[in-house]
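Next, two complexes with chain A in common: one pairs it with chain B, the other with chain C.
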Partner chain A sequence: MAGTILLETKNLSKRFGGLKALDRFDFLVRHGEIVGLIGPNGSGKTTFFHVVTGILKAASGTVMFGERREVLTALPPHRITALGIARTFQRQRLFNQMTVLQNVLVGAHCRTCSGLFGSILRTPATRREQKVVQEKATRLLALFGERLLPRAQDPAWTLSYANRRRLEIARALAADPLLLLLDEPAAGMNPTETRELMRDILSIREQGITIVLIEHDMTVVRGICDQVVALDHGIKIAEGSFEEVRNHPSVIEAYLGRRAKHA
Partner chain B sequence: MSLWMQRTALFLLTLAAPHLVPNDYWIGVLTRICLYTTLALGLNVVVGFAGLLDLGYVAFYGIGSYIYAFLASPHFALHLSFWVALPLTVAIAAVSGILLGAPTLRLRGDYLAIVTLGFGEIVYLLLINGDRPVNITNGVNGILGIDPPRLGSLTFSRNHEYYYLFLAFLLLALLISTRLAHSRIGWAWQAIREDEVAARVMGINTTKAKLQAFAVGASFAGIGGGLLASWQRSVFPDNFLFYESINILAMVILGGVGNLAGVVVGATLLVALPEIFRGFHRYRMLAYGLMLIVLMIFRPRGLFEGNRVGRREPETSTLEEETLSLVEPGPPVGQ
Partner chain C sequence: MDSFAILPQQLVFGIALGTVYSLIALGYTLVYGILFMINFAHGEVFMIGAYLGWGLLTWLLSAQLSSLHPLWVLPLLLLQGMIGAGLVGLSLEFFAYRPLYKRGATRLGPLISAVGASIFLQNLVMLTQGARMKVYMTSLLFPPSWRLQVAGVNISALLIVITLTSTLLMFGLHYLVQHTTLGRAMRAVAEDREMAEIVGVKVWRVIAATFFLGSSLGGAAGVLVGLYYTQIDFFMGYSAGLKAFTAAVLGGIGNIRGAMLGGLVLGIAESLAVTFMNPAYRDVITFAILILTLIFRPTGLLGERLSEWEKL
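And now, the complex of A and B:
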């Protein structure tokens, strides 16, 4: 498994009116990698996640996923999740009025199958599935030690900022993804929490889950990413190891700007 | 086990209720409470669980009533037993829920409310004008002579008999609602209510889930409609005015949207209070309105602190906002 291509995009483009959010973007992730996606704000990173997960439709290009290289470009989001891609959001999108546990249970939706009538009749199969999925959700909350588990029955909106980020990850993991897309997981976290997060992400990779993460915090990118891809204005400007990308002239220019010509 | 004792006490109270009220008129009021609670529980599935603001719920109530009337009256000379006609009614109402729900799937919030409101009016107009060119609904004259339910040798005729029948269906509706609230489907509905984009990304087929919500809501309305027709022994288009949709919605909101106990209390209060205020003649609706306003000021989320009304979560942005924020130049981010 390791080393084979898990996700590949070719010529992926997306426009918003006149703005090219993604411009012929080629991207590749192999099994077991952690790939960091960096770039200034508005460079198309989150748009890339939206397109891969099917929330936004690509203008052109293809997204291929898995061993059978299934084309995702025309699939609705729930089918893509079922194939094995889960994500978190840059601005948190938890189900705020639901409990912490229920948030994770929703994440397992595509891995469970109880239907309307099974739920009404509460058939033995439904009850069995409920028990299994509750145990799974509890196990996922336990990944974050004592951070989430004691709060399982509290509404999600009562959680602290960092805990909400953790819950988003737990919810995404409930979908049993092969590929996990994390959109700025460390945003708003203090240095201790960030270190903890890096450990958590590495332990998720240990479970065989491939990860792509968007991150502005370069200690995270340097610390855990095998590969780094830099985007600017929807165009891939550099890729390689963290050091290679960081010293790439285009990346420096994208972040810091070009020296004025007639100064 | 105090919760269990409370519930048993409450159940015994509902069983004894017809013997505790002064006269037959009040037994009728109790029966209406059961009817409207069943309806409100159905609307609660759509509005409370799935967060779809449906202002035309009365359409399904009307469809249920008329289907039952068609199946068990001299109108089409069909005289199906109540126990056959009601399940058929519920099934047809559920299908109508899917058919009316399907065109609204892409709509949200206010726009969904406007379209469903239109559906309510369309069904009402169809019932009124359904006597020409072919007489189907008998127009404004309604359908008369509907068969009463029979159970063994008992033919339902008196209010307290209907009360127990309606109570049984109310308990069934309550059981189904409770089970759905704590099920995979119920969680999916609530997820859609909380954040539809996130729900889709979490693997929920929102199209299917919303249609299921419409179908379940409409089937509760089908139960209510069938019960109304069999009790009133006649149905008229004017039983299904827009006012009824709002009334049922008020029951759902009063108790607290999405909260089952709240819905039961809300429906009970909104049926009982106008009767209690009946002695005040003309001022009765005024007092009722005043009470609703006071409630909205002091308990904006309903008596039972429901889930949803009056809430605007600052942190859940719409996808449009999120993509728009791409267009605006952000602050420079250093390493």
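And now, the complex of A and C:
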């Protein structure tokens, strides 16, 4: 599995009116990689996630996923989730009125099959399924040590900022993804929390899950990403290792707005 | 007789009536919670439930079975009323509302469609069943002699059965919403529909299930009301629907516990008030409560779901 292509986009474009949010973007992730997506605000990173997960429709280009290279471009979001792509959001979108545990359970929804009558009649199959899903959800909360597990029965809105981010990751993992898209997972975290997050992301990768993350915190990108892709105005301006990308003239220009004197 | 002396009696009536209002109100609140739409055809779903129960009961009586024991007849009536009304609710959603939403309708379109569906169903029942009243032969099922005397208060077996049945159904719904996969999906859709879709909830299936559930509770209420008042007609859903809607608003529309509380409060208020004034004022009291709620506490007793999100 390792080394084979998991997600590939070709010529992907998305416009909002006159603004090119993504401009003929080619992107590639292999199994088991952690790829960092960087770029100034408004460079199209989140739009890319939206297009891959089917929330936004691409204007042109294709997204291919998995060994069978299934084309995602025309699929609705829940089909894409079912195929194995899960994500978190830059501005968190938890189900705030539900408990922490229930948020994770909802995340597993696409992997459960009990419907209305199963729920009313409480068939043995439904009960078995419920039990399995409950255990899985508890296991996912335990991924973050003692951060989420003791709060499993609290409503999600009572969680701290960092814990909400963790819960979003746990909810995404509940869908058994092959590919996990993290949108600024470290935003708003203090250095200790960020270090913890980096360990958590690495241990998620250990489980065979491929990760693409958008991040502004360069210690995270440097610390855990195998590959880095830089975007500016929807155009890919650099890709390679962190050092290669960081020293790339276009990247420096994109961030600083002018060509820096290069050593 | 002194008005105060019959207060306990009226309270018993009020509780039974209140649980039935709650049952119907849940149909409004469930749909509102998930689609932000008032399903004005819900009163007609309730009415159809009453007709289905009447049809089955009449058929059972005419079949001259040796013994008609309420222990098996009542569940049968309820089951039929619930499934039938549930299917009516499903079709409403599928034919009257979903096409509008799929075309990007705002809030007004489906509301008008609901009023149209309500008129359609009333006339459909009138044309197929006739405009005359139908009579539930309740006394053959629950003889009037089955009653309790507690401290001078008369409590008929039927009243107890109505209260218990409604309460059980409400607990059932509450359990379903709080503790099952479907319930979780419903709450997820109510809170953030787009996010629910992303995590893999089949949103339209959940909406259909919600209509089925809400409508089946309305159907059960129809059977219970039919048994209690013994006379039903095609227009009965209109006022019952409006009253249950009032109950839902009073409790906080979109809020499940609110609908239960609102129904109970309304039923008791109505029954107690008519103790002191002309019973003809019953509806005046109900709608005065609706107006007062809308003026002074528009989010209802327990708060509208929507307002809770805005707080965050």
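Heads up, the rule we're going with is that the second predicted complex is superposed on the first by the 258 of 263 C-alpha atoms of A that agree within 3 Å, B and C clash if a C-alpha of one lies under 4 Å from a C-alpha of the other, contacts with A are read in each partner's own complex, and residues count from 1 in each chain.
The working rule: a residue touches a chain if its C-beta (ideal position, glycine included) is under 8 Å from a C-beta of that chain, and two chains touch if they have at least 3 such contacts.
In this text the structure is predicted, and so the values were computed from the model without any measurement.
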Does the chain A-based superposition show chain B and chain C clashing or fitting? clash
Which partner does A:Arg93 reach: the first (chain B), the second (chain C), both, or neither? both
When the two structures are overlaid on chain A, which partner does A:Leu56 contact: first (chain B), second (chain C), both, or neither? first
In the superposed arrangement, which partner chain does A:Arg171 touch: chain B (first), chain C (second), both, or neither? both
Scan A:Gly66 for contacts with chain B and chain C and give back first, second, both or neither. neither
Tell me the contact category for A:His216 with respect to chain B and chain C: first, second, both or neither. first
Determine, under the contact definition given at the top, whether A:His109 touches first (chain B), second (chain C), both, or neither. both
Once chain A of both complexes is superposed, is A:Gly44 in touch with chain B (first), chain C (second), both, or neither? first
For A:Thr126, select first, second, both or neither according to whether it touches chain B, chain C, the two together, or no partner. both
Of chain C and chain B, partner touching more chain A residues: B
Contacts on chain A seen with chain B and repeated with chain C across the two complexes: 53, 55, 76-78, 81-82, 86-87, 93, 95-98, 102, 105-107, 109-112, 114-116, 119-120, 122, 126, 129-130, 133, 157, 171, 175
Would you pull the chain B residues touching chain A in the complex into a rising list? 176, 179-180, 183-188, 190-191, 193-195, 197-206, 212, 215-216, 307-308, 311, 313, 315-317, 319, 322-323, 325-335
Which residues of chain A touch chain B in the complex? 16, 19, 21, 40-42, 44, 46-47, 50, 53-56, 76-78, 81-82, 86-87, 89-98, 102, 105-107, 109-112, 114-116, 119-120, 122, 126, 129-130, 133, 157, 171-172, 175, 216, 218, 246, 255-256
Of chain C, residues touching chain A in the complex: 176, 180-185, 187-188, 191-192, 194-202, 205, 209, 212-213, 308-309, 312
Along chain A, where are the residues that touch chain C in the complex? 53, 55, 76-78, 81-82, 86-87, 93, 95-98, 102, 105-107, 109-112, 114-116, 118-120, 122, 126, 129-130, 133, 157, 171, 175
